[in-house]
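Some notes on the structure that comes next.
Chain IDs A, B, C and D follow the sequence of writing; residue 1 opens each chain.
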Amino acid sequence: MKHVTPLTVRPYECDSYGHVNHAVYVNYLEHARMQFLHALGFDYKGLVAAGFFTVISRLDISYRSPAFADDELAIETEPAEMRRVSGLFHQVIRRGEAVIAQADIHWCVVDGNGRPARPPEAYDLRRLAP
Amino acid sequence: MKHVTPLTVRPYECDSYGHVNHAVYVNYLEHARMQFLHALGFDYKGLVAAGFFTVISRLDISYRSPAFADDELAIETEPAEMRRVSGLFHQVIRRGEAVIAQADIHWCVVDGNGRPARPPEAYDLRRLAP
Amino acid sequence: MKHVTPLTVRPYECDSYGHVNHAVYVNYLEHARMQFLHALGFDYKGLVAAGFFTVISRLDISYRSPAFADDELAIETEPAEMRRVSGLFHQVIRRGEAVIAQADIHWCVVDGNGRPARPPEAYDLRRLAP
Amino acid sequence: MKHVTPLTVRPYECDSYGHVNHAVYVNYLEHARMQFLHALGFDYKGLVAAGFFTVISRLDISYRSPAFADDELAIETEPAEMRRVSGLFHQVIRRGEAVIAQADIHWCVVDGNGRPARPPEAYDLRRLAP
């Protein structure tokens, strides 16, 4: 199960080298994960309304090749481990066949105090597992 | 009454021309207004806790000269009009004597529904007037 | 002649009020102007390769209504005045019929030293005029 | 050898949870590395003028605790491995004793074509080694 988000690089996302700034990819990855959740019908706003949200606990990203303004990218998002309270996504950013960046994203559900917490059953992310 | 916030340009704030991106100045101006409010002892978090916040209704900014990574800037913030529910700040961003940008910022207090609303007396911004 | 760029709000573009941060709209507007230039076949990278680029000299934006994560926006871009070295765009950001923000954007062509300069004929923006 | 950059969280760096957005820390870390290089008298602009620059090849960041608007943070930067063409920084973001985030940053010197390349001797980062 691999979801793909298409995305075109906007000019303001590039830094003084004319490359997409390396922090911007972290935004791209978040955007793609939300698109993945939407595509699967996961009600993220419902989770927030229920007093929970997800946080990123660890992000390990390797930058393979630069991307430039107007590049048409594809972001692959794949749930690698999905447990009740935490899990792991693999994500790859490509331009055509070229890998721009790849990342492991560890997430965790927390309550309003920021503590890891089991969300209500309706928001169990395990049903997104491969 | 003119408040000055010093600020050093960070490299990631520059775009592919090597200049501070024009949207970043809007962030700088917001930062400087918050520093101004802090300096005057205005309890912004209290205003939010009371169910109100301020929004920008209009921003008119003129860009005079580019700024670059590591530039040491000074942002002048001056309350020009302060009414109960709305007002106007003049702000100027300088590098030494040179004007980088200058702006008129119109703000408004709104309630939790985003409608203009009179905040509690303790948060009356008129006391910040010249 | 009015160009429309569709755009979906990404979650990281929202600030602690859950609204699109007011500086982010400035990015949106730049993105939409570039999409407008691309749609008309204007070779912006050629202009840069020729030693010129465009800068924003003034931006006057009014914020009418907040936008939120996942909102589907449409950005209208209309060239209002197009002279050899400078000009003016009107831009409106909408969600359905609602106006989120509207702006006047004054631009100018500059040379590598940042001084206003006439670009080569092939990059004359007057041909984009209404 | 550990360099410390102080930094105050700006309101626009927080997302809809009221936390510093996780991508913003990547910007903070870059800022702190540049401050470290400046403090050691490393002429980064000279490196760029000589036709080289540094890129991040991998970033592995763990998020320990959220940070909020106005928080006063300290970013520790420590060169862990410094070779001629590549190296590794350890960085820790703290608020008082609390660890907000910690990261391993792998960097590499590249030439104008983006290929790993040995910079001129004057820009040999090995002299920054512990």
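In the analysis below, contacts are C-beta pairs under 8 Å (C-beta built on N, C-alpha and C of every residue); 3 or more make two chains touch, one makes a residue touch a chain.
Every value quoted in this text rests on a predicted model; they were computed, and no experiment measured them.
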* So which chains count as neighbours of both chain A and chain B? -> C, D
* Determine, using the mean of C-alpha atoms as each chain's centre, which chain is farthest from chain C. => D
* Between chain C and chain B, is it the same set of residue numbers doing the touching on each side, over half shared, or a different set? -> same
* Would you mind pulling out the distance in Å between where the CA atoms of chain C average out and where those of chain D do? => 32
* CA centroid of chain B to CA centroid of chain C, Å -> 23
* To do: Return the distance between the CA-based centres of chain B and chain D, expressed in whole Å.
  => 28
* Asked: Using the touch rule from the top of the page, what residues of chain A touch 2 or more other chains?
  -> 11-12, 17, 23, 27, 30, 69
* To do: Give every residue of chain A touching chain C within the complex, in rising order.
  => 10-12, 27, 30-31, 34, 38, 69-70
* Under the touch definition given earlier, write down the residues of chain B that touch chain C in their complex. => 17, 19, 22-24, 26-27, 30, 53, 55-63, 65-66, 114
* Parts of chain B lying in touch with chain A, wherever the complex brings them together -> 11-12, 14-18, 21, 23, 69
